[in-house]
Amino acid sequence: SAPAQSESEEPAVESLVIDKSFDLVTADPARMFETTGGIVLHAVYDSLLTFADGNAEEPLPSVASEWSVNDDATEYTFTIRDGITFSDGTPLTAADVVFSLNRVKNVQGNGSFLMSGLSVEAPDDTTVVITSEEPNTAVPAIVTSPTLGIVNSALVKENGGTDAEGAADSDTAEEFLNETSAGSGPYTIESFDTTTETVLVANPEYWGDAPVYDRVVLRNATAEAQLMDVQSGTAHVALDLGSDQIAGLGSDVIVSTSQSPTIFFVFLNADSGVSEITSNPDFREAVKYGLDFDGILELAGEGAERAYGIVPSSYLGALGPDGAVERDVDRATEAAGRVGGDLSVDLEYASDFSSNGLSMQPFAERIASQLAEVGITVNLKPGPIATTLESYRAGTEQMGLWLWNPDYPDSADYLAFGPGEVVGLRAGWAAGADPELEAVMAEVATETDAATRETLYQEFQQLHNEAGVIIPLFQPAASVVSASAIGEVKFDPVFSLDIAAIGR
Amino acid sequence: MATLLDIRDLHIAVGGRALVDGVDITVEPGEVVGLAGESGSGKTLTALTALGFLPDNATTSGQVLLDGQDVLSLDTAALRRLRGDRVAMVFQDPMTSLHPMLTIETQLTEHQRVHRGLTRRQAREHAIELLDRVRIPAPHLAIRSYPHRFSGGMRQRISIASALACEPELLIADEVTTALDVTVQAGILNLLQSLREELGMAMLFITHDLAVMNVVSDRLYVMRSGKVVETGVTRDVLAEPQHEYTRALVDALPDTEVAR
Amino acid sequence: MTALKVEDVVVEYKVTGRPTVRAVDGVSIHVEAGEVLGLVGESGCGKSSLGRAIVGLNPLDSGKVLIDGRSIAPLGRRARPVADRTVQMVFQDPYSSLNPRRRVGRQIQDAVPGRGGAARVRELLEAVGLPASAANRFPHQFSGGQRQRIAIARALASDPRVIVADEPVSALDASTRLQVAGLLSDTATAQGVALLMISHDLSGLRVIADRIAVMHFGRIVEVAPTDVIWAEPRHPYTRELISAIPRLGRDAPMPSAPERRGAVIRTDEEARLVECAPGHFVAAEALVAS
Amino acid sequence: MALFIAKRLGAAVLLVIGTILVAFLLTAVLPGDAATARLGERAAADPELVAAMRERLGLDRPLYEQFFLYVSGVTRGDLGESVQTARPVMTDLQLFGPASAELALAATLIAVIVGGGLGIVAALRANGHLDNALRALSLGGVSIPIFWFALIATAIFSTQLGWFPSSGRLDAGVIPPPRVTGFYTIDSLLAGDLPLFWQAVTHLILPAIVLSAAMVGLLMRFTRASVLDVLGQEYIRAAEAKGLSGRRVVFGHVLRGALVPVITVVGTAFASLLAGTVLVEQIFAWPGIGSYAYRAASTLDLAAIVGVTIFVALIYIFVNLVTDILYGVIDPRIRRA
Amino acid sequence: MTVTEQALDTVDPVGSVDKRRWIPRWRLPAAWRRPLAIVGVLIVAFWVFVMIFAPLLAPYDPLAQDSARFLPPSPEHWFGTDGVGRDVLSRVIYGARISIPIAVMLVLLSLVIGATIGALSGYFGGGVDAVAMRVVDLFFAFPAIILAMAVSAALGPSLVNAVLAIVVVSWPAYARVTRSLVIGLRDSNFIAASRLIGASPARTLGRDIAPNILGPIVVISTLELGNAILLLAGLSYLGLGAVPPTPEWGAMVSEGSRVFYNYWVALFPGLAILSIVLAFNFIGDSLRDALDPRTSRAVQSMEL
């Protein structure tokens, strides 16, 4: 646990102002599944387990003081910590946990899939048992999610909440939760607004170490505005600055850069119904060898790293540089020639969206420029995220440039990139398209041994890279810029930002 | 009696073009002097100099003496004291010479208060009196209205009332009846006649209508291309024009000598 | 046959939010071929409204306009049929009645029926006292009087039976008025065209009109041969008009100003025209009063 | 007057219905799907969840049915629920409307003072060097790309000089004054909180100046033209001939006469400012209708798009009505009995 | 010379033009403001030259990403390089090939649609007019940028779609002005005279009205050229117009705005927009001054 913080330490500012480009939708944990929401709700609601100090591998106790798992990873038992109360003083019990988790499952929100295949029970007031239909080693990582934050069941029920089946229609607590918080975390919500700013104040009832800043303001600002804000001192912390922007900052700020688990990738639709060209393996080869990954990485700025496989570098089974594809213009040109005809394809991407201070556009431009050198014409097709997301999800894009943020910090999340899975399907990669790969996926899903899993994940990625339908490009650096008075603020690989940890 | 207005060898040129070209005009106190001539002959330009108005970028020479004082060399403040007080002007078009968005009261009183130092109340009472004098019915009501409520003839009367407010020594009437019907014109001409008799002011009356000129003015100057071509007692000049230009003008008129 | 016959014409203006204005209130007049009828009256009495109604520019609210016994359709947005082109108009303002962007010759030629109008244009220009070379110039290259001549030429070009001239000379300089008015009446008479000459200047009409109609608040109050009107006006309004005209001469009196009155409302009976002498018609009210 | 206003209101209702119709037709041709747009990565892959969302948003009904449902909602003051904020659109409009209105009004105020003032000066000095300089300046105002101007202004005045804050309506986390008008400047004054008022003003100045650039130029030229026009009127010459002082002639006579056309411009320009705040609000993180509309358009937030459209149309109609009434006040000729 | 002609020649055609307006002659500005107009023409000429000879003038390929990123202005790269290592100067030069022709096309399209509808509606009046003007009102009340954003979002961002979007929002203005110009003329005496001698509506509109409203329309179009460039740039700035890697000025400013201390990326394209828009406005404004005050009022009313 965190080192004890001396009570006398004076916070540098009265209200800590954090600039973030909002993707805030709701403050109801059961319905929340966005980055900004995660930052806010991680500070307001405690989950069974948590991660801390930038470590994304080892879940730590939180509401659960300890936990155990059976051998085939199907049953997890959590012991509820004694003496936790919600911000209104009500004690937190196992019933609250069951209510919270079931509610997530039944309101059918964006994060409900976390609970798919899981069921929860409370044999007694201090014990919670989560059972999985299939062996599932990701459960401890999953239960750290702020979506699975523990709410005050009595209070939520009072205000229209329910965890029963059909909660999608009958649960009406969202409005209440958007105004008042019903959690046990270090902060409570003072005001919540999805478009301008959201203000948190310290929870006096918090069971753990009190946070340094009593009041935290999270403001919605574009990266451009954030840059101006941190320079002019309007904001103390800025979360979405890219390396290009950081490069020009003055000396009165501290930049903390670390690895982000986000993966930028392009895919070449494998469905010949969508494109005869991109579904051609020769074309995939041409693209794979036609791309200059270092040239692309350059645009991502300092601190970014090439993604050698789809699993991010800090996760179990991530690939290293061995056997990485290097640019080979001749080979690419030759492969392109084998495809023949007019090699003109559309590359779609979202133009009004950026992550880690990076927008898609320069990458799209560079990809187009590089592939032009091997005889492939790439027409850029940007669009607002709302429209492009639709064609992406419908699997109708010939080529797409997208990114993936982990839903929970476990390599299992990346199986989504396999044939027949969520992302695979978007790339026109139907189930059965690559039996060898799919066999590895099936195996790793139920494997409980960490070492075996590691090799299986590596194998999965090697096969994945060979197939070449989805080409991982890079992992950007995640930078947090803070005013020197505040001290360094670290990026959190799981929650993006752990507000309560600032200043510690 | 000293000459009231004495214009001596006035030249006005704009951009090298001579618009007024050596004009001499005198107006004695109480006298009605006519200024006739075709359009563009420089009548208005000449008359405006008595108020100190000159076209922008004009080069001038000569003198415009008002009671012996040269108007053209006065500074702005002195000019302002003169305008509306000693010399007043009534314009041709009654439809455009009153401000459409100001009440009659404002337009009749503001210069009284400036020149005469009257209170609002005094100025107002005087204005009502003036309206009555120019035969505007119900003057105490009229004073609160805006110009658009009045017909052309009435507006011209109001303009005249405004010009008379400070009892000027010289009234310049620039084609004051040209835009009006004959019957209305007759009313205005009669009014001016009686006002002149009452107040004893001098008048510089501009018109190109020689018949009107004939009945209104004592003396006449006929202008053509910026020059005075003929001058004399009005009725003499018009009955027996000496200059061929004047004769051509007279001949162009329809013959109205018919007994009733 | 009477070239222009106007029977009981009424013209009203309906403006939303205001009372309807009856600008022409049951007017009947006629003009023979080659005759010049002068129409006088004070500003706003409805002269232009009547004139425009005759040529079809204003719709009639009731009554009839007959040209050679044939009634004329109001000018809609469609092209006017050839048969109706027998009535033409000369407008007051010579600056707005000619298209500033087209050569004078072309504008006249448009009006000439049939093809090959160039010779005819020359002929017309000469008839109004302009050189043939004028055809190639634009309107702004002419003086007001010259433009009015062009307008007259254009009106004559379609071989009209009737010309309505609405204050054709009042915008002109005093020195040219008489010439242009004379030209208009002379050519009309020479070509056997009926001319309705609208003016507010009774003295100007005196020289050229054969007969004069006096209009007052939308009605005709007196019609008589010109000399008769001047010598023996019967209607009080006509008398006022005449006595308000300033005159030349050593002993010309100050014109007399009539008492101003508000709008006169006449009953049909009062307004009925009565023939008080051969060819001299006057509103019945005048006879009662005297 | 009553008839006149009633007519205007009638036209307004028609306009609003027309606006809704157009907005609906537009959203019908949009290829995006508001339901999936609202769902997360995983959830969007689940057809069941998508169907549930469509039903919730009423997207499963035929378009005409949606239209009538919507219109009947509008009559009850219900503009539907925004996807992006998960709040009733009405609430959003009440929240963001005043922010934009405050900005637009401030810009208008600047434009009236600066543009109007300079326009008068230019007219009085017509054709002089000053006039030429002002004319170039006014054309510059109309010609400057507003987004570029905003960037440069913030870079210089906030980042480099630090004179003005670069974003938002108040400093972060500052609690807004109790809501009366929704205008922070006015509300803070009403609350008697001067420091807060000052803060609101400093936040307002920069975006308002940027937003007003085009309007300043426009107004300068209109005022100049209008004043020149009036200066040429005989009644001004008459006022001068009465011996009034120059100041009196200008302020008492010229301005009075020049006001009507200027008011028209101010009115129309104000109405178009509201819709045109998109770029400025984006750059200054001003939580107003403009950025709301932008997000609505890019997230296919149908209810919000239509709501904003109606809102802007209503403002347009309202402003026109106000200017019409103002005409009457200023120009007695237009006044009705 | 005939006698009448001699008499006529004594009349000063100017003096009798419009007696009521003798005073304006004292104050009205000289019609053609030469200095600004000349500056405007020079700038436009400059840009047209740049547009035509872009390949000769540009030092680099505007699409080539072969320089280092974010190089500040230097003798090699006068305007520096952008975020993917392209020469900003070359892109600004090639940008002229996008903005200017598109603005011209845009204005022509809106003009043809708007003027046709406006002219017919103004000339015929009545029901057609009422309906057309309600539609125009609707488009006026409809927030233009939202409409444009929606059109762009619906059809996907591209220059063609941005042009369509702008046409959709800009034709009503032309319709309104044309209509008011036509209404101002349709009851004028020379139209009446030409109709009395049998001119058909087509002839009236084409021969009598069109040449007389051409002046104001040309002025408006010139002024609107500037506006069109601004609108297009604005849409591109929002990512709804030009598609990368097209060197469009608005899009370039947008790229540069992300990193303002690399000021050159946004500064120069912004200056390019400003200069050409300013030039069109200089010309249009000077032309407008040369117009009759009545028509110039109609022109002004459009700029709102």
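Letters A, B, C, D and E mark the chains in the order given here, with residues in each chain numbered from 1 onward.
Going forward, a contact is a pair of C-beta atoms (placed from the backbone, for glycine too) under 8 Å apart; a residue touches a chain by one contact, two chains touch by 3 or more.
Computed from a predicted structure; not experimentally measured.
Trainee: Moving only from a chain to one it touches, give the least number of moves from chain A to chain D.
Mentor: When the steps are counted carefully, the minimum from chain A to chain D is 1.
Trainee: Out of C-E and B-D, which chain pair has the most contact pairs?
Mentor: Here the pair linked by more C-beta pairs in contact is C-E.
Trainee: Could you please state the distance in Å, as a whole number, between where the Cα atoms of chain B are centred and where those of chain E are centred?
Mentor: The separation of the two C-alpha centroids amounts to 48 Å.
Trainee: Using the average of all C-alpha atoms in each chain as its centre, how far is it in Å between chain D and chain E?
Mentor: Chain centres of chain D and chain E, defined by C-alpha means, are spaced 23 Å apart.
Trainee: Nearest whole angstrom, what separates the Cα centre of chain C from the Cα centre of chain D?
Mentor: The separation of the two C-alpha centroids amounts to 54 Å.
Trainee: Enumerate the residues of chain D that touch no fewer than two other chains.
Mentor: 30-32, 151, 154-155, 159, 233-234, 237, 282-283, 297-298, 300 - these are the residues of chain D that touch more than one other chain.
Trainee: List, in ascending order, every residue of chain E touching at least 2 other chains.
Mentor: Residues 10-12, 16, 20, 26-27, 153, 238, 257, 260 of chain E touch two or more partner chains.
Trainee: Going by the contact rule already set, what residues in chain A reach two or more other chains?
Mentor: 224, 228, 352, 384, 386-387
Trainee: Along chain A, where are the residues that touch chain E in the complex?
Mentor: Residues in contact with chain E: 223-224, 227-228, 242, 244-245, 248, 298-299, 351-352, 359, 361-362, 364-366, 368-369, 380-384, 386-387.
Trainee: Spell out the part of chain B that touches chain C in their complex, as residue ranges.
Mentor: Residue positions touching the partner: 38-39, 152-153, 181-187, 189-190, 193, 208-212, 214-215, 235-236, 238-239, 248-250, 252-258, 260.
Trainee: Tell me, which parts of chain E touch chain D in their complex?
Mentor: 20-21, 23-24, 26-30, 33, 35-36, 134, 137-138, 140-147, 149-151, 153-154, 226, 230, 233-234, 237-238, 250, 253-254, 257, 260, 263, 266-267, 270, 273-274, 277-278, 280-282, 285, 293, 296-297, 300-301, 303-304
Trainee: Across the complex, what residues on chain B touch chain D?
Mentor: 51, 53, 76, 79-85, 88-89, 91-93, 96-102, 106, 110-111, 114-115, 146, 148, 159, 162
Trainee: So in the complex, which bits of chain D are touching chain B?
Mentor: Its residues touching chain B are 233-235, 237-246, 248, 252-253, 256-257, 259, 330-333.
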